[in-house]
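Should a chain be cited, it is by its letter among A, B and C, assigned in written order, with residues numbered from 1 in that chain.
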Amino acid sequence: MASSHDSGTERITRRKSLATLAGAGALALAGCTSGDGGDGSDGGSEELSGDIRISGSSTVYPVAQEVTRSFAEQNPEVDFNLTRDGSGGGFNNVFIPGDSDMNNASRPITEEELQRCRDNGIEPVEFFLAQDALTVVVNNDADFIDEISLEELGTIWSPDTAPETWSDVNEDWPDEPFDLYGPASTSGTYDYFIEAVIGETEADQDIREDFEGTEEDDLIAQGVAGNEYALGYLPFAYYTNNPDSVKALSLSEDGGDPVEPSLEGAQSGNYPLARPLFTYGHMGKIQEKNHLQEFIRYYINEADEDYIAESIGYVPASEQMVEDNLTALEEAIAGEYEYSA
Amino acid sequence: MSNEPESGVGSLQRSGFVVRKERLYGRLIAACAVLTILVTVGIILALSGRAFSFWSQISPIAFFTGTSWSPVIAESYGVLPLVSGTLIVTIFSALIALPVGLAAAIYLSEYASDKARSILKPALEILAGVPTVIYGYMALVYVTPLIDSFLPFSVELIPSGVPVLPEFTFVMPSLGTFNALSASIVVGIMIIPMVSSISEDALSAVPDSLRQGGYGLGSTKFDVSTRIVVPSATSGIVASYVLAISRAIGETMAVTMAMGMSPQMPYFPNVLRNLAESSQTITAAMVQIAGADSYGGGPTYEALFALGLTLFAITLTMNILAELVRRRFREEY
Amino acid sequence: MATEETTSDQLGQSAELRLQKLKGQVFEVALVAATLVGIVSLLVLFAQISNDAFQPGTASSTWFLVYFGTLVAPTAAFTLYARRRPAVRTANALAFAAVFGGLLLSFVTYAVVDALSPYDVFIYAFFASLPPALVLAYDRTTDKQTYTGPLLPVSILVGIGVAALVDGPISGLVGIAAEWIMYFGLVTVPAALLVAWRTASRRGRRTGAVAGGVVAAGALAVAVASISLGTNASLLVVLYSAFAVPTGYVIWRSVKTNPEGRIGVAGPFIILGGVLLGASIVEQFAIENPDSYLTPTLLLESWDGLTASNAGVYPQIVGSIIIVGFMAVLAFPVGIGAAIYLEEYAPDAGLRGRLATLLEVNISNLAGVPSVVYGLLGLALFRRTLGFGTGIVVSAAGTLGLLILPIVIVSTQEALRSVPDDLRQGSYGMGASRWQTLREVVLPEAIPGTLTGTILALARAIGETAPLVIIAVATTKYSPPSGLFSSATALPLQIFAASANAKPEFRHGVVPAAAVVLLILMLLMNATAIVIRNKYGRTN
């Protein structure tokens, strides 16, 4: 390479590169500021961000899952952590130690849990969400039964009697052993069933122990679907979630007419095993976290929407309930809420 | 970085600096190795503390001999139903994997051409590489319905009227949604590679001179393989069996998803009923407790660690046994 | 007569021989059957899962024809052409690695950095690379003897510590810059440096610097163009740096150095082009697609428990990748260190020798411990002792890292063992110290084997679920983990959680599709390990 030629190309190269860099730099400065920081401000001035941890009932879980999902879609900076620990399990292991912001429950908070909350400096804020029709299911091929009385149901599940075969309870039924499925002991559904169906027992335990207990209510339906002589109980939403795989029994109480499980029956009170669903908030965290307040407001307002009934399978909250919940929320934000049963 | 000794050209002496650096590196490397002991110590400590606290509340005798596992409802902590669940899965998966694995090993080491081996060996390794969640899912969703379509199945093996022998009908009942059979099948498929690869190593290590000796005496390939090679490699084969069984005992996800959660004692004499019904293994019980109760104290939570310690002891014993078998009975060629 | 006896004897013998031969053949057939039983069963199950995931039965035959024409036929033709031309195959292999490896790397990098916040990652990367760079510069310019080796990791740790302190105050300042600048610093700068270094080693410093500058300028141009067009500047900058630049470089080098094999570089583009062409034809003529669940929605959205067609596993995929990456960082150094000690440093006899044997026995026992027990260890260590939150990325990565540690050690040991002793002796003969021998001679030879073993271990860990369940990793998350101490999420856990859902579009739809994604991830990692072993490994 001749030196003069070299310096010539050098100069051109250097000048060119300087010019290119300068031009590029100027253009780059234009795109330098983070104008593309926020993608779409949905009418909100600042974006909500933060963590929300929700523990508790597997019954309420489908509602919570759908509501958190749609909220997260609109507020992508809010990080949800949703678990299924059971109503009691959630209170015991997560909410009372102060690890979760909300605990879903398919039964009201107990005296003992309330006391332990307060001992830990937590005031639980109760929000009424929806209603469930607890459903008793049998296998599709179980032609011998279409309805059952609460008393018979209690006899089947009570630890005092704990019958081996169907015919032990009712002579019309076949002489085959029971295959029982139900929620695990951490579940609010379990607690509710014991109280509403079994009642007081003389044995040391509340319920017979030889059933298959699970926290995933879908598995109850699937287990019952696998055995002709199986029986199980689960929330209505999980029955509608496993269509055509199990048969729901009509329930009768005190010699009355058998009532099919349905949302209308639960709403009107005709169906014997209708029960309310709740979610409890941690008042201290509600006061602190802005995004939590917004989420709860959203949760409360969504609870009366139709899709709760149509897609998920619970009775939506009434307008009055929504009003009451909003009032409770405002009281909690102001720090003035106090739980009363 | 220069390594010239400061003490002159002719000296082979390393400079003090290099010596110190060597020692430092040596110590750092040794520390990494010592860390592995800390892992074992950590496991033992983590498990024992809570496990012994558990056994101070629930008597170990009740734990190891009790026949009812119902931690929360009846507060009974008898581990035997779980052990029986684990045994059912282990025995049946071993029935699948041990013969098949050994046969595969014999084929790969004695009969297969190089090309066949280069395809089949990696293919078998894939069996072990599939995540166990997927095995569990396939067992629950595909294997159970497939097998259930052939059941119930009964065959009269010994009809009535035959003198001396009692009547015997082989009955395989219909499968429940959660059953031990599907879980055992996928676990069996999963552990085939363990048996086949370790056995194949053992079979390949048998020196060719033994084989040639056999051929020289006029034996067929079948005779050489079954009467010379396999017996010589027995220690390795047995070691592979023990390791595979240990793996089956420790398997978690497949059995949790496919077997359900009904711990129960096994049925006799209708043994096949155990396969058709749901059961629970030690590992599945651990997952169940962890899913429900992983923060609180209380006997249920501590039972988790007691189960873990039991499982650790079982698998550790089996691994040591495999190692001993391999070393003690290794044929000196 | 003698001949008659012999004949009858012979006849008797041959009957026996035939029986024996039959027995042998039956035996061989039985062996083959047994070998294939497991493989065939697994293939059948895979076929069922893929069928549910892809739903090929729902596509019209026209769809198959279109893709046959645009994708299968050209690829087959190209493969046949390349079969007899090894030069073409080399070029093709390189191009393949660059194109698909580059695409994969770009998407993974973008997804992970985006999840962890590009500003944070940039700050940490900047401060973590500054001290080591200073140490290296000092070492090169000074004549004094330095402890560079151990200083490097220490300086990296110091850098990370500084970053942790400084992150809070500085992030406001750094946040003013546009996002793509962070990606420029994280991806383009290393790419440019790499290109510069490679070119410099061939053509001299100045050409190298020019090459690096061209790469950087190109990235700036891409950023400017995409900003003016309103597209995602960050993603395009990453694609440019991690995909376009390596591909361009590989193509250029192939064209220059492999004139007869030049056509080979077209290989991956034939495939990519075929897919795109087929997709556009299908779109244009409204041909029926299969009702597959393995859609972009699955890969880019988060989970929806109600509507299967909306459900996705993007947070879980990114979560799994982050966990596996961090786990590799934790397990790799310690594992290699332990293996080096056991193979190179530990004596065979005496007290130390027995300690080494004990260590080896211990490690082989640890390899056989069930994964649930590691979960319990992780629970006790990270949640109880260290007091971290439940199921965070650090706990998950640490637990799984401990799980694969024995495997990493054993495979590194084997790799070290396969390095012939003559190499070591030669190095000692030249006066090198043990560490120098290791660093210059043994380790470079052992790296492929080590990498293979580690990648296989990582492939196993990506599918582990039980330890994650025990340390209570969350199953419902709508966004990837935002940091190392945020709650983790993983793909196998999502499959486990969703396995109970019996609605057909989940059980025979989305969940098999998610399982297929996990299988593909695992197969990719296995394939990478095997390729490394075949290409660079030593034959034992």
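Quick notes on this structure:
Everything that follows uses one rule, which is that a residue touches a chain if its C-beta (ideal position, glycine included) is under 8 Å from a C-beta of that chain, and two chains touch if they have at least 3 such contacts.
Given the structure is predicted, the values throughout are model-derived calculations rather than measurements.
Of the two chain pairs shown, A-C and A-B, the one joined by more C-beta contacts is A-C. Of all chains shown, the one whose average CA position lies nearest the global CA mean is C. Taking the mean of the C-alpha atoms as each chain's centre, chain B and chain C sit 27 Å apart.
The mean-CA centres of chain A and chain B are about 37 angstrom from one another, to the nearest whole unit.
Within chain C, contacts with two or more other chains are made by residues 390, 472. Residue positions of chain B touching 2 or more other chains, listed in rising order: 291, 294-295. In chain A, the residues that reach two or more other chains under the touch definition are 99, 219, 222. Taken together, the chain C residues at the contact with chain B in this complex read 20-21, 23-24, 27-28, 30-32, 34-35, 37-39, 41-42, 45, 48-49, 139, 143, 145-150, 333-338, 340-342, 345-346, 359, 361-366, 368-377, 379-381, 390, 402, 405-406, 409, 431-436, 456, 459-460, 462-466, 469-472, 492, 495-496, 499, 507-508, 511-512, 515, 518-519, 522, 526, 530. The part of chain A that touches chain C in the complex is made up of residues 13, 17, 20-21, 24-25, 27-28, 30-37, 62, 65-66, 68-69, 72-73, 76, 79-84, 99, 216, 218-219, 221-222, 241-243, 245, 311-312.
Those residues of chain A lying in contact with chain B across their complex are 85-86, 89, 92-94, 97, 99, 179, 184-186, 204-210, 212-215, 219, 222-223, 225-227. Within the complex formed with chain C, the residues of chain B that make contact are 1-3, 12, 14-15, 17-18, 21-22, 24-26, 28-37, 39-40, 42-43, 45-47, 49-50, 99-100, 103-104, 106-108, 111, 120, 122-124, 126-127, 129-134, 136-138, 140-143, 189, 192-193, 196, 220-222, 225-226, 243, 246-247, 249-253, 257, 283, 286-287, 290-291, 294-295, 304-305, 308, 311-312, 315-316, 318-320, 323.
Contacts from chain C toward chain A in the complex involve residues 175-181, 210, 213, 217, 220-221, 223-224, 227-228, 233, 302-306, 390, 472, 474-479, 482, 486-487, 500-503.
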